[in-house]
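Both of the next two complexes hold chain A, though its partner changes from chain B to chain C.
Right, the complex of A and B next:
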């Protein structure tokens, strides 16, 4: 499985090159990758269906529970087949859709990257690895939404999608880390094998909420839904792939994946049921009120994701099974409808549901695919959508909690879906042909292949649901439920209440379709879609955040050295003062045996003080440098008196060198700036405090007992081990010889820097 | 003597910082130099001082006995002095170059790159 990820990444790396070599067929070549992965998945189908999950482990960082683990069980394989199967058609579709786009290579790179990341999510066996791929999908989604980067709307939408999903991802990361701490492992197979790990753990609800935030932002659940309709700025293949069939389902996948671990945490169920339920109804309503085909599809996708979250939240056997069945049905018809919309947009130049009609004659294959997908969406027998709707209603009305509300809400959503299905499969293709910006004709082969195959699969999958879909869906829902429960799919269950509801849905749906204009007019009158919501909050908070960032940067980054130094020094001093007040042993033992003061040393010290004062007060640069030299020689003298002849010699030498260097370049250096008195007073304060603090520290340290094993060691072993009698020299060239080498290196680098500064000519600009 | 030297070190620290807080570029370098004197003295004194007893093993002995200056702090200071020289030389040339390029002598005016607005 690692190999698949690596191949995917390589494909992403070479996609642009392939495009350069074979401009027209780059997407076709790259579609070999998902096809190969699909076949690989099919090859493992039998073994997975026998309940043997495949696990690959590459140990990495044990201390943080991070290992490169991949896992292929029923749920993973279901998603692998979905991602690679749809991906195959998307690559072919994109190849035609972006036929003449010079940036097609870039697009294919992002798309390959996304597909790899998505496969990584579903095959991860370790939650940290899953998180890395999770963020990688956000990143590639950002790049794909912003593909038309010349347009401001694209860039804004891309940023919005990324900020929402990535900030959700941060919550999720916190949840994962906390889970790792509490459970002691992040390996999925271990977590799933011991679903009681978090039972009675006080932190379980917090972990559950954190992880749910990540999943719900990714799956565009209310109130984080608003990024998805905006993400429709992306090219059609992106909408069809990322924003309906795969990426937005990553959240659902994660909820399903971790369901066994959290199903006993009460908050898990209630949050998912509520959020999912609200999103389901809200999304469908919003879809009904829009007329832009892509927006409508986006809102129905939000609604459909809400259904899946709701079903996973309910958590009964039938509801989890329904979630998986519906997920597949949705992927098939929604992917198709997005591609159909892409075709319509591509060939007519518009995508307003109100204005389009009569395209069926001009675009017969697109019509065929659209109609089939719409029938599946409406849940007409014998399409797979019908199978899904049956089990969905079954789950909704079988719910132990608030079954009435959930059932009614699901039914209403189904009705609205049906109404919209009429728009997509019937209204735009039948009747009088409408005026469009472009003269409509059928899309190229690459763009009808995907929709036709997927839509047809929706039909075949419905008729032969028991043979085709049942085994894998059964296996994947068993993984979620952690017990093996029989899933029985079929078209005919007899004249039951559910069947009656299905028929009623169709009837009501057609009614809503007929009166949809009135509903839209009603909502326009009340300007329902302009109500302030989370989106407005987003648009307010981003500039506010930027303002705060600018303000605080301006505050700390004034660009004036004085402010930085003052801040550092005052922080240091106040920390020292704070520590000495709060605690710490600051007892003074006393300066025992101080050295006698000798008069000739005092002369030197007085000379140094004069030098300091002179340096501070003079207006001549030369005087200042010479006075500083006096201070430097004074320090050297102190070193000399108190047993440091080597140090003193070095200091004398370096001091002389510095002064010579200084005087040499003096003429090229700026003159002193006149200081105003006010500033002098202001900077005197931190300086004096700093000096006083250092003096105090020094005196305090001197009043303590001194015990230096290092000093003893060197003085004992200098001659015996290193055969040198000058201990300081031996330390420098022998015991710490490598340090001295480092010091020489530093000098060398400084020399190179100086040479560069002197020699390189800067262009005047 | 320790008390006098401690106060002297504090004075050097204060003067060094005072110079660095000025607007002028040359004063910045003078301040850096002053600060490095102060730091060296600090390390020297903090390791305890002994008058006239360098850490050199007498001709007829193998180890140092009795009281002697701390060789560790001296080794540190030696390194610090040399590195300090590198910094000073680089700073002097850098300032010369900055002055030639911008024509300003005022450190406070060198904040264009940090300005956000």
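Right, the complex of A and C next:
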């Protein structure tokens, strides 16, 4: 499985080159990748159905529970087949959709990366690895949504999608780390094998909430839903892929994956049921209010994801099975409808449900696919959507506790879905042909292949649901929950209450379709869409955040050197004072040892004092520089005397360099004026306090008995272990070599920074 | 500052600067010295040359810009810490050859690392001084 990920990444790397070689068929060539993965998945179907999950482990960093583990069980395989199967058609579709776009190569790179990341999520066997792929989908979806980067709308939407999902991802990371600390492992097979791991853990609710935030932002659940409708700025193939099997389904996948771990944590269930339920109804309502085809579909996706989250939250056998069945049905019809929308948009230049009609004659194949998908969405017998709707209603009315509310809400959502299905499958294709910006004709072969195959599969999958879908869906729901009943799919279960409800849904749905204009007019009158929501909060918080950043930067980065020094010095001093109040013992301070002062030391110190005084009082900058140099050389001489030749040598060289540098910039500096009295007092305060503190510390250190084993260790092992007699140098290049590496890297970066700053400044003046 | 005296002096002094800086670099492992000090010394020598002949002339003579020197130095240091990986040892393990050369001493990855430090320091110092003096 690692191989698949690597091949995917390589494909992403060479996609642009393939595009350069074979401009017209690059997407076709790349579609071999998902096709191959799909075949690979089918090849493993039998062993997975026999409950043999495949696990690949490549140990990595044990200390943080990180290993490259990949896992293929029922749930993973279900998603692998979905992602690669739909992905195959998306690549072919994109190839035609971006036919003449010079950036097609770039697009295919992003798309390959996105698909690989999604496959990585579903095949991860370690939560940290999963997180990495999780963030990779956020990143690559940012690139995909913002593909038309010349348009501001695109960039804004892409940024929004990334900020929302990535900030959710950060919560999730916190949850994963906490889970790792509490459970002692992040390996999924171990977590899933011990479902009682977090049973009595006090931190379990916190972990559950943190991980749920990650999943719910990704799956566009209320109140984080707003990024998804905006993401329609992406090209049609991206939308089709993002909504049907990837990205937003990742959140659902994660909830399903971790259900066994959290099923006993009460908050898990209640949050999922509430959020899912609200999102389900809210999304369907919003879908009905809009007329932009892409926006409508986006809200129905939000609603459908709400249904899945709700079902996973209910957590009964039938509800988990219903979640998987509905997920498949939704992936098939939503992928199709987005591609159909793409075709309509591509061929007519518009996508307003109110204005479009009569396209059926001009675009017969698109009509065929759209109609089949809409029938499945509406849940008409014998489509797979019908099978899904039956089991969905079954699960909703079988909910413990609040079955009534959940049932009614699900029914209402079903009605609204049906009404919208009429719009997509019927309204825009039938009747008089409407005026459109472009003269419509059928889309090219690549753009009708995917919709037709997926929509047809929605039909065949419905008729032969028992043979095609049942085994794998059963297996994948058994991974989520220890199911007590084998999944039974079929078209006919007799005249039950559920069947009656299905019929009623169709009837009511048609009714809503007929009166939809009144509903829309009514909602416009109420101006529901102008209500402040989470989206408004997002748009307020981003500039606010920038303002805070600007303010705090202005505050700390005043650009005046003495302010920086004052900050550093005062912080240091207050820290030292705080520490000595807590634990310092200053009774020992004093010149306990009688210090023998040699005559040349006195000479050096007198010279240094003269240098300091001279620096402070002189009116000439050159004198000040030279006086400072005297202080520096004096210090170096003392180092030399006390047995630090390396330090002394460095000090000498640095002093020399400093003077050279000063000479260089001397004629560039402003006039050297005497500071006025107030300013010099302000500077005097931190200087004196700093000097006093450092003197006290030094005296204190000198009066302590130094018993550090480090000194002995270094001097003993320097030659034995590192073959060097100069301990200072051995520490620098060997014992603490990684520090030195960091330092020289920082030096290099600083040099580049200085280069940029000075070059700009000088070229200006 | 192109004067005959300076030009002649620096022509004689620069090789001495470089030789002494290399001497400091190689003796560093056993006696006072090392890459940092050596690098500083070499940089001062090279900078004096630049002051006399001009930075443009100096860059043209050695055919490399300071930023490039930094890159080379960092790469040398990086390669030196990666070498042990090929012997299956952890990153930065000090490996030594049994060979001892006159003047240079023992050869090993820590010495190579120190050479990297030496080159980076030269690059950084020259980078800053060249821009400042060029204006």
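Criterion: the second predicted complex is superposed on the first by the 621 of 765 C-alpha atoms of A that agree within 3 Å, B and C clash if a C-alpha of one lies under 4 Å from a C-alpha of the other, contacts with A are read in each partner's own complex, and residues count from 1 in each chain.
The rule we apply is simple: a residue touches a chain if its C-beta (ideal position, glycine included) is under 8 Å from a C-beta of that chain, and two chains touch if they have at least 3 such contacts.
Given the structure is predicted, the values throughout are model-derived calculations rather than measurements.
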Does the superposition put A:483 against chain B (first), chain C (second), both, or neither? neither
In the superposed model, does chain B or chain C contact more residues of chain A? B
Is A:660 touching anything from chain B or chain C once the two structures are fitted on A? First, second, both or neither. second
In the superposed arrangement, does A:722 touch chain B (first), chain C (second), both or neither? second
Contact-wise, after the overlay, does A:741 reach chain B, chain C, both or neither (first, second, both, neither)? second
First (chain B), second (chain C), both or neither touched by A:608: first
Using the superposition on chain A described above, determine whether A:43 touches chain B (first), chain C (second), both, or neither. neither
Once the structures are superposed on A, label A:642 by its partner contacts, choosing first (chain B), second (chain C), both or neither. first
In the overlay, answer first, second, both or neither for which of chain B and chain C A:711 touches. first
Touching A:432 in the superposition: chain B (first), chain C (second), both, neither? neither
Touching both chain B and chain C, residues of chain A: 645-646, 650, 654, 657, 661, 665, 668, 725-726, 728, 732, 740, 747, 750-751, 754, 758, 762
Counting only contacts in the complex, chain A reaches chain C at residues 645-646, 649-650, 653-654, 656-657, 660-661, 664-665, 668, 721-726, 728-730, 732-734, 737-738, 740-741, 744-745, 747-748, 750-752, 754-755, 758-759, 762
Residue set of chain B touching chain A in the complex reads 1-15, 17-30, 33-34, 37-38, 40-42, 44-59, 62-64, 68-72, 74-75, 77-79, 81-90, 92-97, 99-101, 104-108, 110-117
In the complex formed with chain B, which residues of chain A make contact? 550, 553-554, 557-562, 565-566, 569, 591, 594-598, 601-602, 605, 608-609, 612, 615-616, 621, 624-625, 628, 631-632, 635, 638-639, 641-647, 650-651, 654, 657-658, 661-662, 665, 668-673, 675, 679, 683-684, 686-688, 690-696, 698-699, 701-702, 706, 708, 710-711, 714-716, 718-720, 725-728, 731-732, 736, 739-740, 743, 746-747, 750-751, 753-754, 757-758, 762
Using the touch definition up top, name the residues of chain C that touch chain A in the complex. 24, 28-37, 40-41, 43-44, 47, 66-67, 70-71, 73-74, 77-78, 81, 92, 94, 96, 106, 108, 110-111, 113-114, 116-117, 120-121, 123-125, 127-129, 131-135
